[in-house]
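Scrolling down, you'll hit the structures one after another.
Two complexes follow with chain A in common, the first pairing it with chain B and the second with chain C.
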Partner chain A sequence: MEKDQHTHIVKYRTYVYVLIALLFMTFVSVAVTGIDLGPYTVTTALLLASIKSVLVLLIFMHLKFDKKFYGIMVASVFLLLACVIVITFMDYLYR
Partner chain B sequence: MNDHQVHIDEHRDDEGAKTGMWIFIFTELLLFGGLFIAYSVYRYLNPLAFHLAAEELDTTLGTINTVILLVSSMTIAMSISAIQYKNKKLTLILMGITLLLALAFMVNKYFEWSGKISHGIYPGSMTLQEASRGELLFFGLYYAMTGLHALHIVIGMAFIGYVMHLVVKNEVQHDNFAILENSGLYWHLVDLIWIFLFPLFYLIT
Partner chain C sequence: MSEAVNQHTEVSYLEYKGRFKGLFAWIFSTDHKRIGLLYLYSMLVLFSVAALLGLAMKIELIAPGKTIMDAQTYNSFFTLHGITMIFLIVVPGLPAVFGNFFLPIMIGAKDVAFPKLNLLSWWIYIIGAFIALSAQFIGDGPPDTGWTFYAPYSFRTGTNMLPAVTGAFVLGFSSIATGINFIVTMHRMRAPGMSWMKMPLFPWALYGTSWIQVLATPIVGVTLLMIVLERTMQIGFFDPALGGDPILYQHLFWIYSHPAVYIMILPAMGVISEIIPTFARKTIFGYKAIVVSTLAIAFVGYFVWGHHMFTSGMSGTALYTFSILTFFVAIPSAIKIFNWVATLHKASIDIQTPFLWALCFLFVFMVGGLSGMVLGALSTNVHLHDTAFVVAHFHFIVFGGTGYAFFGAIHYWYPKMFGKMYDKSWANIGLAIFFTGFNILYLPMFYLGMTGMPRRYYDYVDEFHGPNIVSSLGALLMISGLIIIITNLVRSAKHGVPAEADPWKGKTLEWTVASPPSLENFEEIPTVTKHPYGYE
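The block that comes next holds the complex of A and B.
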């Protein structure tokens, strides 16, 4: 059973493509925040950061190739974090 | 169990090890998540002070450090493929590159922080005591969060260095590399946190 876990070998090429995508998004977010888009600046920067983190989690951290169980756990933790953020801000915005 | 035959059983649970690492990573995510919430709330309460304070940070240095961490994240991920291909030499080279990049990150951080400190911006400094509450909060969070992140870099370097030692001693091999995977996961976590720290502190002004 443990053996199946490790049979998948990710190609070097895949990692290079992911790195290129990550670097591209980094430079885009630097460029976008350089020009003033008002409230959209924060949204774009955080959106790009979220896409980057999903790429890191799926490919670099192997969630895409591992058992579903890991992905579900990670998603639950992020959901928990999102809930705490929403509840905190509901408190600050509407108190 | 009457026979006294020596039975060598390898006690290994790769999946258990990996699950444990992930659970540890979750605690780290929640730790930094809490700090991110503190940052967002204070930013919401002091928008102008945060805006002015964030302009003080060097975006170029931040971008260089982002690139360094992203590349190092790729090299450590590649080292896991290399060990699976039974290429010990390449594994060690890739891990070595990761360590060098981590060192470069810390050198950058040193210059960044010493620049700030020479401008009188450090916790408890006279300049900050005269600054507004918002600026005080911004730099407090800046030092706490990037400092905690830098501590993780140092721990990650020690962890990867230890695993490199195991690879040299052939204790980590193509069919037994759970600890290498776990050190990789830890390193990616460090990268993941920086992916959010960078826009929040350096980009959004």
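The block that comes next holds the complex of A and C.
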């Protein structure tokens, strides 16, 4: 089952752009720790980490060019993780 | 599916001579069937040790005060019993043994997608087991935290925690590798014509389980690593003295460990879904409902971990949320029970040993499930938390669920795995003694818990003496039954009569190949045209 596959070649220029974006967000993640954002510190860190993960998944891991089904599977995993984090913080925010 | 039953036209996987000989032909084999048996033998040894530890604890509790061990030894025994039973037996149990052996055959494949990764999983399992068990023999004494390693005690105790935690961490990799292997196998290697809705229910259960293994195990891995870092480098994650939060540990631990309960129970449900239609000679009632409820349990099971923490000091909002979600997860489990019972309605039932195990499963699993409802309700949970009631509930679900399904599975697939039939009379006698002992052992613990006996204490007040005597005698009876069952199985592997290819008149693909199967399972990959349970 599911034998159909195809290859997709991404330009080196795209990889370089993504690399620069990842490095930029890493610096931002570090810089943000010096600012007191209160309860939003974790939110900011998670948001930046999520954007970086999405870039890696889409471009480096070719999810963008693969079958839609795999994209849905990965999105479901992220949704699950988001739900787990939200429920955990229902304890911390209302304790 | 099984119109034509093949005979032994090729040498079986047990007789096949590969590059290595003797023991090496097993421990370096990438054949999914041999790897399944490697897990089975490893678990049989570990299970025997852990069951004897459990028996020793029950003998200690036969009378108040010190009977055969002191408090610290008792603490170490329940810790080792828990770590071994949970991390080394029931979590990997059914997928590693029967998943490995039967998943490829049931979907019409010659092996799993990554055979070498499969062998690596077993090696990681063995290495993890050695590391975890080494905690008993080296350093500052056996761990005494219980299998949950709760913070802050887990990094303050002077006992030898690090190897136990590291072992559990290593074992996680084995679980993840097996999960990935099974998911890819089911996506890529189903036989031609086997659409998702023609896949048997045991593989479906393994599919849901594998996703939990892949997604939840890393969380406990990271959590255990955080304990190691906290103990060795004084980084404050969970210790309030270092600025950490002990409730965070409980959240992270149970975010994995509650879904892990479904890693244990989903394959068990898959086994029961195979046994019941075979012996009822009837198409399973509500195939799609069982598939959907399998996936629903796997999904909703992620969001109910907080019901282990109702007395931890969580916020009220979190308590209500987790309690409601806990009641939701009971719905798909109940759907399955109704489907199995409905399958039996007006069926031409052939009463054989595997079917009796399935019936016993239904009884003990329902007792476990309904007592879980009592614990899922906030008001009653506060009263029963950390009492013997929880121990009884847990054993009815995990031992009664996974354990009964495991023994049901081995009696169901034994003729296929070893090509021999066990002695059915002794198998039934063993089951009767085991089932009686099981209930005498655990039912009094519900009463003890409701009347206030806390768990994890080697001593108790005189008021609890009577039910504890009954419970301890039940343990002795249950172990006697286990000895009969295991002896019968071990003996029959050599002395049993040769088994037919399809002794139970099953319809799924494993019954179309020889007993025991050949190295590559199928001479020719089958084309599937029918529903897996086409009895009518």
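Keep this in mind: the second predicted complex is superposed on the first by the 75 of 95 C-alpha atoms of A that agree within 3 Å, B and C clash if a C-alpha of one lies under 4 Å from a C-alpha of the other, contacts with A are read in each partner's own complex, and residues count from 1 in each chain.
Note that contacts are C-beta pairs under 8 Å (C-beta built on N, C-alpha and C of every residue); 3 or more make two chains touch, one makes a residue touch a chain.
None of the values given here were measured: they were computed from a predicted structure.
In the superposed model, A:74 makes contact with chain B only, not with chain C. When both complexes are overlaid on chain A, the residue A:58 reaches neither chain B nor chain C. When the two complexes are overlaid on their common chain A, residue A:88 makes contact with chain B and with chain C alike. Once chain A of one complex is fitted onto chain A of the other, the partner contacts of A:15 are limited to chain B, with no touch recorded for chain C. Looking at the shared chain after the overlay, A:42 reaches chain B, while chain C stays out of its contact range.
When chain A is checked against chain B and against chain C, the one touching more of its residues turns out to be B.
Judged by the touch definition given at the top, the superposed model places A:30 against chain B, while chain C stays out of reach. With the contact threshold set out at the top, residues 1-2, 77, 80, 84, 88, 92 of chain A are in contact with chain B in one structure and with chain C in the other. Only residues 187-190, 192, 194, 215, 247, 251, 255, 299, 302-303, 306, 313-318, 321-322 of chain C touch chain A when the two sit together in their complex. Across the interface of their complex, chain C is touched by residues 1-2, 77, 80, 83-84, 87-88, 90-95 of chain A. Remark: chain A residues 1-3, 5-6, 9-12, 15-16, 18-19, 22-23, 26-27, 29-30, 33, 41-42, 45-46, 48-49, 52-53, 56-57, 59-62, 66, 70, 73-74, 77-78, 80-81, 84-85, 88-89, 92 touch chain B in the complex.
Across the interface of their complex, chain A is touched by residues 12-15, 18-19, 22, 26, 29-30, 33, 36-37, 40-41, 44-45, 59, 63, 66-67, 70-71, 73-74, 77-78, 80-81, 84-85, 175, 177, 181, 184-185, 188, 191-192, 195-196, 198-199, 203-205 of chain B.
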